[in-house]
Amino acid sequence: MHPLFLLSLLLLSCSASALQDDYCVANLKGANTPSGYQCKDPSTVTVDDFVFSGLGVEGNTSNLIKAAVTPAFVAQFPGTNGLGISAARLDLAPGGVVPLHTHPAASELLIVVQGSICAGFITSGSNKVYYKTLKKGDTMLFPQGLLHFQINAGGTNAVALVSFSSPNPGLQITAFALFANSLPSPTVEKVTFLDDYEVKKLKGVLGGTN
Amino acid sequence: MHPLFLLSLLLLSCSASALQDDYCVANLKGANTPSGYQCKDPSTVTVDDFVFSGLGVEGNTSNLIKAAVTPAFVAQFPGTNGLGISAARLDLAPGGVVPLHTHPAASELLIVVQGSICAGFITSGSNKVYYKTLKKGDTMLFPQGLLHFQINAGGTNAVALVSFSSPNPGLQITAFALFANSLPSPTVEKVTFLDDYEVKKLKGVLGGTN
Amino acid sequence: MHPLFLLSLLLLSCSASALQDDYCVANLKGANTPSGYQCKDPSTVTVDDFVFSGLGVEGNTSNLIKAAVTPAFVAQFPGTNGLGISAARLDLAPGGVVPLHTHPAASELLIVVQGSICAGFITSGSNKVYYKTLKKGDTMLFPQGLLHFQINAGGTNAVALVSFSSPNPGLQITAFALFANSLPSPTVEKVTFLDDYEVKKLKGVLGGTN
Amino acid sequence: MHPLFLLSLLLLSCSASALQDDYCVANLKGANTPSGYQCKDPSTVTVDDFVFSGLGVEGNTSNLIKAAVTPAFVAQFPGTNGLGISAARLDLAPGGVVPLHTHPAASELLIVVQGSICAGFITSGSNKVYYKTLKKGDTMLFPQGLLHFQINAGGTNAVALVSFSSPNPGLQITAFALFANSLPSPTVEKVTFLDDYEVKKLKGVLGGTN
Amino acid sequence: MHPLFLLSLLLLSCSASALQDDYCVANLKGANTPSGYQCKDPSTVTVDDFVFSGLGVEGNTSNLIKAAVTPAFVAQFPGTNGLGISAARLDLAPGGVVPLHTHPAASELLIVVQGSICAGFITSGSNKVYYKTLKKGDTMLFPQGLLHFQINAGGTNAVALVSFSSPNPGLQITAFALFANSLPSPTVEKVTFLDDYEVKKLKGVLGGTN
Amino acid sequence: MHPLFLLSLLLLSCSASALQDDYCVANLKGANTPSGYQCKDPSTVTVDDFVFSGLGVEGNTSNLIKAAVTPAFVAQFPGTNGLGISAARLDLAPGGVVPLHTHPAASELLIVVQGSICAGFITSGSNKVYYKTLKKGDTMLFPQGLLHFQINAGGTNAVALVSFSSPNPGLQITAFALFANSLPSPTVEKVTFLDDYEVKKLKGVLGGTN
């Protein structure tokens, strides 16, 4: 046997233990922890654990906001577990809007790949709005946890690819958090300054109760 | 000279370099970085850099929400810099409300020290509300980045002490972010589903423009 | 069906996967990991997982140090798991003392809510002591891992609420570490410079062996 | 003056200190630190600090590898500082190749937006190769620090947008590290097992010395 | 019973929950997570979980590179789990070489304890080589993820002790990654600029296929 | 000009910005921050910034504890800045002792390279002692922030190399913290349970005041 090949075997045995820590594909049926899901058995991992095809499919924008978000977070794309990154696709038909929302656990980077999008975020403290109309190829950042939005700014379908600084950024859409919940309307009104009429109307529309 | 004393000098010189890294009191006039402010010169640090007296003072609740938040974040309490923790005092007169808000960069732990407070948070995704009326001594957690609120639940002044998992948790009050900004009203309406009347009324009240 | 409601369903399904990562309530009977305990099944989580009532109860100070520490760490308050924060209550009867100790894994922020407390910490390297008598409302910081103490500085009961930059800060009381262990007395003497008489006396009192 | 407006002023003053920590746009002429560059003065920040237009421009692939990488790392896009994310554009003419390389400080997520790309990475320890031909819309992950490559797999120009889990992922192209350096050829040969002829040839081509 | 002893019991019960979080010895048969392995049951932990004797044994350098690496990573030394550190021993017979490699997940600190070693690393971007001949007692740093090598620089056996900033640094030896894999030779050639002859020769020697 | 060389220039310009982030050698005269010192200008960095020779020099053990600690922390070895690792050398003459101490900011890994050392640490909560006599080649771990000690266990000089999971682990020697400070003796007695005689004697020996 060739000595280099022997070396190969030697060093492989040394480092074999490191193998499964190059990555930690999520076992979504296993335990979740503060650092992410437990790892899938490395011997069952294939290239398809690192490949996701869902972002190539146009989202269905036949809804009131004429928009769709297709996530590739850890639940859809288990390979992202522990890697500090994930992605999503954003489709905006003409007139489409992604309502004001936050990602509690990640910063976002958006790249326009088709059409034109007006996007912005609101700072805490000073309530300053940073917003701009982005054209194809423009990239915009939304710092972690801040309210932000995207609106189709042209007459044609717009598409953006977004990535996040976490495999599970979370998504809290303000209107849904306010009106699609079970919090009594008087409480909602107290904590938002909104009118009773407005709160009850939107609770009705968005499926809130109480 | 006594040999132990010599040892003392010896080992002190060894470890002297570690001294200033036990802590990093913020030099608020110096550079800020992603990990916090640059450190104040350790030779000028005194015990008062680690002590803050502002939380003993009742906040002024003579305002519409009958509430006051007194922060001890890094800007008010530079000793917190780099220590992963900060605090605030919450005063709620009868009828007082801390409106719906988020801390983009920290989880919060609240302890009621006087009176009774109804507090809650809303999850992302499912818009589930976890809320409860807390009495003196009760502690409640608000996970990072999620919308939450506090309401005086009794007929007397309520006081809570809150701490945060960051020296600079940030504070984004939803109503202010929505209505105290310069974003044109039609845009606000589009991204919140709110009526034009409501948006313009609250923009007027809260000092928003456009 | 109303189109906004449809949207609601649509987006909920998109983000449902993010739900359980807003928080990770500890399953204390499950696996522990370097980042904390595995998460409790989110479908069984209730508001009571985020509320702890133990800090409202006065600790029993009928002991030699006339002091009591009531923790709300992850073992007592599983909701803190993964949130980077926890708390405790400190009761000091007149003459009460919390002996010199460290928290190996967290910085501490203490707020005096009743009485008066003399508190201090000792830096590494220079052995400088930062200490001060704190009155009601005063807040003091103790940087991670440094020796610190609290002493009732008045004639009445004193109470402090403390928070930590970790769900499990640890607590190593120096006198107990030195004398309530099974390390042979000659070894203790060698590594502390203390007399044989002193070591054996305190081993006896604190329950040490050998 | 309206009481809510007063409140607005009150709370703004409370939280004003948090303002500049929502983000930390890099001051590239200021100090760099282990956590990133010092922050630009927040009063000079504009929306353009969060927008980058370079990824919309096709890279020049008139070179031997028929490929171009256009980075939007912190040096090109200072707004990414401290946000845990950055991006790049990849252009591959027919026959184009991004040679084997690593990012020492980040995981990578690649989305094909035009054409077809064969991409893969090599694990440590077992030297297993995970590779696949990706079509438009496919996303692939490359775990931190592992060797990986991309090759145009079709007859037309291919474009990919890539994002990274760090504002400054680094880029170490193996062939350049091996042959475009000043390390003496015998040393290169010893540490790579390559022939003297091969090393000297590629040193010549790639501009290495010694 | 003595009151101090009672105190001892009291405080122990308070802090008992912190016990198992002082450390998290890996249960290698349990779940792995992005933060490391699940912890071994603390009640079964002994001092031997924190002691490893393998680094005292000379590695077998009877191979072509005349070198051996003996790791004390988490797989060999489970006590390192969660502690942010691990180690290895490096033996280099005369003429011995540790070929160019990276640790994807850690920085390295090497101390020469016998003989003389020429060591170096190559920066990303500028391909600058920092290298030096180290004598007994010299320490050298290799920043995370960068290509580096070690060569016996004397006529006698050389030994180095190395430590890493992670319990599982990983080890990717460039020559093995390139030639001991199953990637088709034409692909290897394309992504490395190497000749077909060279690639096939080294694939043969190192056990690569295709 | 050769096209590959052109490519070389092209890609170098792309990645030049990443250069200085491969490492961040401390500028000890510049600002310190919570993440470490600001970086030295990369254009002035040489290989000697990554090499430290002090650990090859025997420490002076002509003192009462017959021991010496030679640190290679960030203050002595600025190249460790931001790399998450540092080192030290430990010399123990026969009878030598490194007294009980903690590193507030790091875990420690010790390798015996000469002689025999009895080393141990004490857990928090249960005050359990894990200790063992280590021979040449044995490695032992000391988890972050816990009290630990080392004692020469043989009749000859012993030497250990230790590494830490931080560039600046800190070093708090308990006896010095207790007795080499300016805290009034009655206070020391109260927080340690030690006798007045013992405290005053050791204050005298170790240079404490008050």
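The first chain written gets the first letter, and so on, giving A, B, C, D, E and F; residue counts start at 1 in each chain.
By definition in this document, a contact is a pair of C-beta atoms (placed from the backbone, for glycine too) under 8 Å apart; a residue touches a chain by one contact, two chains touch by 3 or more.
Predicted, not measured: the structure shown is a model, and the values here were computed from it.
**Q** Using the touch definition up top, find the fewest steps from subunit B to subunit E.
**A** Step count on the best path from subunit B to subunit E: 2.
**Q** Can you tell me which chain lies farthest from subunit C, using the average of the Cα atoms as each chain's centre?
**A** If we average the C-alpha coordinates per chain, D ends up farthest from subunit C.
**Q** Taking each chain's centre as the mean position of its Cα atoms, how many Å separate subunit C from subunit D?
**A** It comes to 42 Å between the two C-alpha centres.
**Q** Using mean C-alpha positions as chain centres, tell me how far subunit D is from subunit E in Å, no decimals.
**A** Those two chain centres are 26 Å apart.
**Q** Averaging only over C-alpha atoms, locate the centres of subunit E and subunit F and give their separation in whole Å.
**A** Each chain reduced to its C-alpha mean, subunit E and subunit F end up 20 Å apart.
**Q** Scan subunit E for residues touching two or more other chains and write them down.
**A** Each of 4, 12, 15-18, 22, 31, 33-35, 38, 104-105, 120, 123-125, 127, 131, 143-144, 146, 170-171, 176, 180, 193, 205-206 in subunit E touches at least two other chains.
**Q** What are the touching chain pairs in this one?
**A** Touching chain pairs, listed by label, are A-B, A-C, A-D, A-E, B-C, B-D, B-F, C-E, C-F, D-E, D-F, E-F.
**Q** Which subunit C residues qualify as touching subunit B in the complex?
**A** Contact set of subunit C toward subunit B: 4, 12, 15-19, 22-23, 46-48, 50-57, 72, 77, 79-80, 83-87, 106-109, 111-113, 120-121, 123-127, 130-132, 134-144, 146, 161, 163-166, 193.
**Q** What residues on subunit C touch subunit E, complex-wise?
**A** Residue positions touching the partner: 31-35, 38, 60, 63-65, 68-71, 73-76, 104-105, 168-171, 173, 176, 180, 205-207.
**Q** Touching subunit C in the complex: which residues of subunit E?
**A** 2-8, 10-12, 14-18, 20-22, 24, 27, 30-31, 33-39, 81-82
**Q** Quick one: in the complex, what on subunit A touches subunit B?
**A** 97-100, 102-105, 118, 120, 122-125, 127-129, 131, 143-147, 149, 151, 170-172, 174-183, 187, 190-195, 198, 202, 205-206
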